[in-house]
Structure formats: C-alpha cells, structure tokens
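Labels for the chains are A, B, C and D, by order of writing; each one numbers its residues from 1.
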Amino acid sequence: MQLGLIGLGRMGGNMRDRVRAAGHEVVGFDPRPEVTDVPSLEDLAKALSAPRVVWVMVPSGEPTRSTVRALADILEPGDLVIDGGNSRYTDDAPNAELLHGRGIGYVDCGVSGGIWGKDNGYGLMAGGAPEHIELAMPIFDALRPEGPREEGFAHAGPVGAGHFSKMVHNGIEYGLMQAYAEGFELMEASPLVEDVPGVIQAWSRGTVVRSWLLDLLVNALSDDPHLADLEGYVDDSGEGRWTIEEAIQHAVPLPVISAALFARFASRQDESPAMKAVAALRNQFGGHAVKKAAGPAGAPGDVAGPSSGTGSTHG
Amino acid sequence: MQLGLIGLGRMGGNMRDRVRAAGHEVVGFDPRPEVTDVPSLEDLAKALSAPRVVWVMVPSGEPTRSTVRALADILEPGDLVIDGGNSRYTDDAPNAELLHGRGIGYVDCGVSGGIWGKDNGYGLMAGGAPEHIELAMPIFDALRPEGPREEGFAHAGPVGAGHFSKMVHNGIEYGLMQAYAEGFELMEASPLVEDVPGVIQAWSRGTVVRSWLLDLLVNALSDDPHLADLEGYVDDSGEGRWTIEEAIQHAVPLPVISAALFARFASRQDESPAMKAVAALRNQFGGHAVKKAAGPAGAPGDVAGPSSGTGSTHG
Amino acid sequence: MQLGLIGLGRMGGNMRDRVRAAGHEVVGFDPRPEVTDVPSLEDLAKALSAPRVVWVMVPSGEPTRSTVRALADILEPGDLVIDGGNSRYTDDAPNAELLHGRGIGYVDCGVSGGIWGKDNGYGLMAGGAPEHIELAMPIFDALRPEGPREEGFAHAGPVGAGHFSKMVHNGIEYGLMQAYAEGFELMEASPLVEDVPGVIQAWSRGTVVRSWLLDLLVNALSDDPHLADLEGYVDDSGEGRWTIEEAIQHAVPLPVISAALFARFASRQDESPAMKAVAALRNQFGGHAVKKAAGPAGAPGDVAGPSSGTGSTHG
Amino acid sequence: MQLGLIGLGRMGGNMRDRVRAAGHEVVGFDPRPEVTDVPSLEDLAKALSAPRVVWVMVPSGEPTRSTVRALADILEPGDLVIDGGNSRYTDDAPNAELLHGRGIGYVDCGVSGGIWGKDNGYGLMAGGAPEHIELAMPIFDALRPEGPREEGFAHAGPVGAGHFSKMVHNGIEYGLMQAYAEGFELMEASPLVEDVPGVIQAWSRGTVVRSWLLDLLVNALSDDPHLADLEGYVDDSGEGRWTIEEAIQHAVPLPVISAALFARFASRQDESPAMKAVAALRNQFGGHAVKKAAGPAGAPGDVAGPSSGTGSTHG
C-alpha cells in the first residue's frame, strides 16, 4: 500500500526504509530538501491515492500539533492520520476531534525500539477506532518485528491508548535502567567483584535479569569497562514525568519509577539546594563541619567547622 | 567428569538432570531416600575418584554451613567444594578458610535461572582461585546455557565474588519486577487502556523493555488477565535485604532497589503502624476523619470525624 | 477594621471568632442559615464600607472560583478579595485577572494551623501587590500568632506566591509526618523499646526532633498507646500531589515528599495490583508460593505452591 | 551527688557544665590535660565515693568499648557505668554483660540536643534495670530540660533500649531535615516565591510544620539567604544507616528515612556510577547525546551524539 510519512529524522528515516523494504510505497516529507521525497505537504497529499494514510513522525508538542492542523486542511474525508511520535496522550483527543470534524480518521501509535528498530522492527501500541487500525494494519505489520503480530503490536484501546501505553512503557524503562545502574554501581564499589563487565555479560543468558537493556549495557561496558568516558548526567524527554503525573491522577503509588526520575533530576545538578539545607541544619544543631562553596577570595571546598573535640550525638 | 551433588530439591534435582544430560556422572545425595543416589555423605565421597568436585545445593545459612563442615571431615586434600546455593557472600570466606585448613578448595557460585534452568541453562557467577574454577569448568559448561561461555558464566573474582554478584543480580531483579509491576498497575488504573495484557504482550519484541521477566508477565496474564486470583503479598528470601545492607556499607545510594524491597515489606502488612500514626496526626491537627479499626463492639471501618463543615487547610 | 468573611465552616468559623476577639468587625456569610450573619453575598457587600476587604474561606476548586466570580459582580473598584482557602496556586492568576478587570484587588493567602489556629493563631503566607497586603494587614495581624509579625506572616511574593508557599508547606508536612510515623513503626516492631509512647514523649523537649507535630503524636499516643483503634488509611487533600507535580515542572528531586505521598496512596489500597504482579512473576520463575485471593468457592489466603523441596535461588 | 564523666569534648564538656550548674559534683576525665579534672581513670575512681556513677561520653565504637573494658577493671561492685555516647545499641548487651560479671551496673542513654543542650537541656532515652535508672536519676534530672520529667526523659526499656531509641530518633531526624530541604529547594526553583527565607520564618509560629529544626533553618537562612556559601555535601555519622539496617531486620518499610539517607550518599559523589550507566544505556538504544567526561586531551563536558535529526522516542 501507500504511506505518507512526515518527518524523516533518525526515527522517520529508518521507518521509511523499513516500510519500503516490506514492499510498500512511501512518500516522505521533511523540511530538509536533502532527505524529502516531495517539496510540500500538499505534494505529499497529491502523490497518494485516497484513502490516504499519513504517518506523522515529528517532535511531540507544538510541532506535531501544527502538523495535524495542517493535515486537517490538506487531507480529505476518509483519509487517516497516525501520530507515531512521542506525544503526550492528552494531545490525542483534541487532534482526533479536529480531524473528525473534517471526516478524517486519527490513530495514535506509540513506537518503541530506538535506532535498532530499522533492523529489529518496532514495538507498536495503537489507539483508535477498529476500522482505522485495520486500514493501517499493513503498515503496522511492516514496522513491527518478525513473529506473531501480538508480540509486537497491540490495539490498546480508543484514541489516546497508544500513547498512554507508550508513556507507561517508558516509565517502566526508567525503572529498569535505574535498577541495572544501581547494581552496576554497587559491584563497582566492592573490591570483591574484579570483573564487573564479565559478571554483567554472564547475565546475558539463563538468568532472571536477562533483557535487551542488559545486552546494551554489555555493549557499553565492552567499549569502556568502567564507563570512565561518560559523565553521570542523564536527560529526560518527558514520558517519565508524565507517568508520575498520571499516577498522581489515579492515586497509584510508583515508588520505583519516581525514584528513577528523581535520580535523573539529581544527576543534572551541580549543586543540590536541598543538600545545602541539610548541611546547614547539621551545622546549626551539631556544629558539624560544612564544606564552604568556592568563592572569589576562598579556596574551593574548604571544610569549616569546629577544630577539635568530640562531635555531637547527631548524624 | 564426576560430580558429587548434595541437595536434590527443586533446583538440585534439575541440575542433576542437566549435568547428566551433558554426559557427566553425577552422584547425588539428599536426606530423602526416594531421590538420593547414595545413603550418606561418606558414600558420596567413596563413590567419587579424587580429586572430587562436590556441589552443595542446600538452603543457605546453617544448612549450607553444616554441610561444609561435614565435608571438611569427609573429603581429602585436593578435593573441591562448590557452594551453589543462595548463601550470603559473607559465609564464603569462613567456609573457604575451614576447607583450606584441610587442603580442600572452595568455590562459591551464584546460580540464576529458577525452574527454567533445567532446559534453558543457568546463569553462573563464580568466585574462587583460578585453578579451582578450571577444575570445575566442565560442570559449569554443562550447567550454563548454550552459546558463548562468557554469556552465561563469569569468574567474578576471589572467593565470595560469586555470591556477591548473585546478591546484586537479585537486587536488580527486585527493581526490574517492581518497575513492570508499577506500569501494570498504572495501566490497570486508567480506563483508556482496554487491553492491558495485549499491550504487555506487544512489548515482547522490538521494544526497549523486552526481557525474560516481561515474557513471564505475559505468561501470567494469559492465565489471569487482571491477576484476580492472586493476593498482592510478596515474600522475600534475603538477597534484596543483603543488597541494601551492602550498599549502606559502601555508601552507595540504591533508591530503586530499596523502594522495591520496602514495597514487598508493605505488601505483607495487614495494617501499617506507620500509616496509623499519619492518620492519627491528621486527625490531631485538622480534625480529619479517621477510620476506626473494627472492634468487638463496633462496626469495622467506621469513619469517625467531624460531622460537617469545611475541612481544615491541611492535607 | 471591617472584614467580610465567606465560608463559616470549621476554619472560617474559628477565624471569625479570632478576628472578632482582636477587636475587628466581621460580617460572615455562609449558606447555612444557622451560622451566617447575612442572608446573601449582596447583603455582605452592603454591610461593609468601601474599600471592602472580603476573605473567601470555602473549599478550593470550583467553590472558590465561583465565589470569586460572584464577588467580581458584587464588589466595587477599590475593594479587595483574599482567597484564604487551600486553592492551587494556578487558580490565583485567573482570579486576580478577573477581579483586576473590575478594579478589584486580589490576594492569595495560605493559612496553616488547623483547628488549633483559633487559639494559637494561624501561620500566614500571602501573595499580592504591596498595597493590597497593606490594606489587609490588620486582619493578618489578628489571625497570626502573637509574637513578631515575621514569625507568623510573610508576604511571599506576587499573586500566587501565598498558595505556592502553602502548597510547599503541606508537602513538607507530608514528609515530616511520614518520618515520625516510620520511627514509630520501627520502635513498635522491636521488642527492646518497652515504652514507645514514653520515648516519643521524652522527645518533647531538648531533642533535635521536637516539634508541634511531635506534640500531637504524644497526644494521640496518650489516648491509644499502640493506635489500636485506628486504621492505617490516610487520605490526602491535594497539596502533596501538587507539590510533586510542581517539582516535576522544575526538575527538582523530591524523594522524601513523594515517598510520603505514595505511602498514603498505598495505605488506601485493599489489594495492590503492582504487588500482585510481583507475586505472579516470582511464581513464574521460581515456583514460589503465591497467596490465592479468596473466591466464592475457596478459602481466603490459601497458599498455593510447591508442596516440598528446596526453593529456587531467587528472591 | 557525685558524677564521674569521661570524655570532655564538645558534648561532654557542656554536660559537665550543666550538671555542675545543677549543684552536683563532677569529676571529669579527658586525655587532654588542659580540660581534665584528674590525670587518669584510676584517679577518677578514687575521687568518687561508692557507689560510683560514671558517665562515658566518648566516640562510639572502639573508643567506647575500650573505655568500658577499662572501667570493668577499675570500678567496684555496686558501681554504675552509663554510656551516653552514640553507640550502636548492639554494643550495649556485651558491655552490660562484661560489667555484670564484675557486679557493676550498666545503663545506655541516648542523648539529643547537640551544642544547644548545655542551655536548653538534653533529651534523654535510657535503657537498663530500674534500680540503675533510679541511682542515676539526679543526673538525668540535671541534664534534661526544665519541665515535666517525662517530656525530656524516658526509661525506654532494658539495656539497649536507650540507644535503640536514639538511633530511631536520629533516623527520624534525617527524614525531617530532608523534608524541609526539599521544600526549600522547590521554593528556590520557582520564580514565584520572592522571599524564601521570609516564608520559612513565617512558619515559625502557628503552622503545622513548626519545629526546632525549622528554627535552625531560619537561623541559617538569616545569615545566608540562598545558602550560597555552602556546598551540598552531607556527611552521616551512622545512626541513619543503622536505622535502615534495623528496619530490614524487622521487615519494616522506611521509604522516607531511606530516601533521606541515600540523598546524603549521593550528595558526596562527584560522579554517580549509576547515572553513568543510565546515560550509557540511553546512548545505546536511542543515540541520545551523552556528556563525555573530561580527559587529558579533551574538553570537559563535551556533548557527543548525533549531530542532527529527530531524537528517538525514548526518554
């Protein structure tokens, strides 16, 4: 079948390749002339026969919303728009409503797999009406991994359910990554485990903790056994935050996923105002030494505190 | 080669089968006559040619320690004892020292894989001297999964390193399981995701969160889509606790693994004394309603509190 | 001076008493005839001389917003509305804007102190323009505790800053309460501390943990030394949730306050879906026993699992 | 009465002053000639009439244990040793047993109050036999704050109960401090609260969060409103760690106190190995940019990653 694909960045470009390799015709649009197949969205619409299926793969938030608005004007009744980007699920109902007013269908699809998806296939979670899901099924089949459909694709529910599922997937991902990372740190901290990368590699088969993320950690450690070349600075792209916010809406306790999110926040701080406050309190009640911040006229990290004597009985 | 195997429970029995299937001779001992190959440890020793390799697979703690003490008296210089159980790594140095005094070698080996290991192979992490590791390598090769040795076996370091690695493996396992579980709960809590088991199954291939534990969750949900037949009561067998204790020794922050452990503790409480105290405090400052515990003369779960009026400004 | 006071529930009624006791004239309105001073908001406005100061003390959310809308129609340019309820700070800017269009001023004021404030005074955090703060200062002085003004009142910043400060105050409160509660539980769990209420009472003076909340815990334990009459069920009225959501906006790690919030969520669950999932996973990989939920045809809490044998090596 | 006091550091010196001010005779010993009253422990014993009460106020661990051993040789049947230091409660039973063999009594006493205790009095939690508690009561009364005895002193239980209670007290203290600190950080992160120190000071009276620790935070902020002179580096002296270890023994969930402890651990890390691992994983699956650590030949903090294109759909 034919697919219109908007956004040919790292993800979109790979997806174009994968869908084409499955034998479908893909017309891609991207503002960058060197990668686009057509010069404009209008040309993309013209290049496709009705009913058109147009997959949007651009950054979430305003870029996706404005693309949907543009498609509402360009497409025709009976066409279908799929948002495959990382939109917050709360964007889906407004997008669907706007398009519905023009007779255009809408499906939201969470896509997992990263840069490996081109070869391995992408895990897909879709939300929308059954007839829209069915219309796009050949594309879903092209994008998902080999094997039974249900192991790489789910029709999660109505519009929004796809991105909701993907949000939860990413929240889980935060927890998984942090769990491995904590174990790595503890082994690094002990003199007993002399071959930390070897132990982690030995978990690749047979163990309870084997996973694709573990395989990636093995890869990373094979290049840099102590990760000496990296800073412990971890960004986030929003889904972990949304997961916690959603949990708060539903009064669901998420101690692990929230801890993983907060560890990322903390990783980006040069100085923690909170820990300054704790240091200040310890100094106040116990005369505990504090580290003075570097100043123009002072040496960095000087320890100021009582010069001698038994400490207080507080910790 | 020959292997003496002590402990033929679920794990040990399976391991006997797997090692035999690899072509080795296994002499197993267990106090239960219906499963044992020999009537006593002494007979086990007699049935093996020197240098003997004897694998201990009995419950950790005193059962393992007393087995090692018995072997110290029965085995001969040059023999080798492997503790493959779930011992705390701090037991390994005393065990090794005791045996070393008799000229007997000692290796600790963490074993992962559960009841699936018989068919899939077991992930193995061993600690000990290189010559002892080498002596037992045919057994390790029989037990570990097919594939490159380093993907299912590691010589982690000196005595203790094997169980230390296994302890960390299990700590990570706690975090992984809790991460999936939190995601499951959040999806169950939202009306949007209509097919939670389907979404989780769709993560089986291609996604970032795919793993063996995920496959097991898919299995569990295929039988019981909402886990309605289970109580949310989760035991623990110690390794998670040891992981946190070890982290405290090394001042390593483990927010995720500790949260997973504490969630298990909480799951086993009918009533939380801590939350009673919070409820009492809210009642004290704000006149917030509290739930009265059931008593002989009262209805269970009655709500006691102010009969009307705007609440306080506290939460 | 004169004060209009809308909402004469537990908080508002007490505040009317306290402001009157300070020598001011208070005209209160409440829909309940038995407590109101005037039959309608219009009558309240008529009873006050311009410039009027009207304090709104009704439940947050729509009740407060609709009261502000009504006052926008009833009051006159130069008058001042103070929202002293527990509104989310994001409501303040829209409220202020609506009133500003009519020439009416707006101040948001966080109020802490619960049912004890009538006698002890209330801690106050106000947001708004300096001239509005000044206009209401006699009321703030009447409501706040005796002592230096700055120890019971702050002009926190512009509109919204008062409720923001109160939100953070309540978030901290969650953390404080949970910290005491955890300590209480740990002492209750140990046989060593024979007089837990006595120990907690002994913290009342001189110690680092002395506080008003501690005093309240002493009160609660004096009535019920083991809190046997309470259920460990803890509600929340929103500020803790907002605190976490705000932290997420600013990428501020709040591990303690979030843990306190999640402990409340968990306290309200009869069954934890997450812990069911963890139990299911343990059963899957290790054959660990699970507790079967009670069913129509089965006994509650039956333990199902392998009838014998050594367990797996997983926790 | 007479008191022997060993250890005249910051705490011990202040306590000597306070007990003397209450009219008792104190004979102090310290290895530092400039502060000691007697040249040796033997002289201390000689200077006191039987039955002697000797208070040990030296660093916990080996210094305290060796002092108790020395006293076992020097004191006489009927005398009493009080360990008022910050010993782990597990040291108390061995100490008591050793002394009991010589007919000497033993009491453990947790002491809270820091450098302020000299003037405010110390909160005291004692463990031991009733007759020993009674013998030392005049000293407890001298040390504790003015007011009812039960508000500053508790006989918590048998030997060990005093230090256990103090351990829990300090664990709670960690949680309280972290709760305030998180609130401080969140207000600092928002542009809305223009006067953070003012808001915190306004919590001093009337509010639910008022406490002595809050007063200390007000003090600290009055000198340095943004704590700009401090580093966010927080040490710990062990009681928080013991609290978590004890909770693990009793399967008590302590999410808040553990989070506070781990925040301290993290505050002392220049680089987090765990967060390096998370960064490595994100880079592996999504091609997310990572920060390269500074090296001899490279610029610090360079960002390495894909030069352009839409990111992956992972966070």
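In this text, contacts are C-beta pairs under 8 Å (C-beta built on N, C-alpha and C of every residue); 3 or more make two chains touch, one makes a residue touch a chain.
All values reported here derive from a predicted model rather than from experimental measurement.
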Original post:
Which chain's mean C-alpha position is the greatest distance from chain B's?
Top reply: C
**OP:** Mind checking chain A against chain D and telling me if their interface is mostly the same residue numbers on each side, over half, or mostly different?
**Re:** same
Subject >> For chain A paired with chain B, centre-to-centre distance based on mean C-alpha positions, whole Å >> reply: 30
**OP:** Calculate how many whole Å lie between the centre of chain B and the centre of chain C, each centre taken as the average of the chain's C-alpha atoms.
**Re:** 41
Original post:
Counting only residues that touch at least 2 other chains, which ones in chain D make the list?
Top reply: 112, 114, 170, 173-174, 178, 180, 182, 185, 189, 208, 213, 251-255, 259, 262-263, 266, 272, 274, 285, 314
Original post:
Mapping chain-to-chain touches, which pattern fits: line, ring, star, complete or other?
Top reply: complete
**OP:** Would you mind writing out the residues of chain D in touch with chain A in their complex?
**Re:** 7, 9-13, 57-59, 85-86, 110-112, 114-116, 166, 170, 173-174, 177-178, 180-182, 184-185, 188-189, 213, 216-217, 219-221, 224, 226-240, 255, 259, 263-264, 266-267, 269, 271-293, 295, 301, 306, 308-315
Original post:
What part of chain A is in contact with chain C in the complex they form?
Top reply: 208, 241, 244-245, 248, 251-255, 258-259, 261-263, 265-266, 268, 272, 274, 285, 314
Original post:
Of all residues in chain B, which touch chain A in the complex?
Top reply: 89, 112-114, 117, 120-125, 127, 144-147, 150-158, 160-161, 164-165, 168-176, 178-180, 182-183, 185-187, 189-190, 192-195, 198-199, 201-214, 243, 246-247, 250-257, 259-260, 262-263
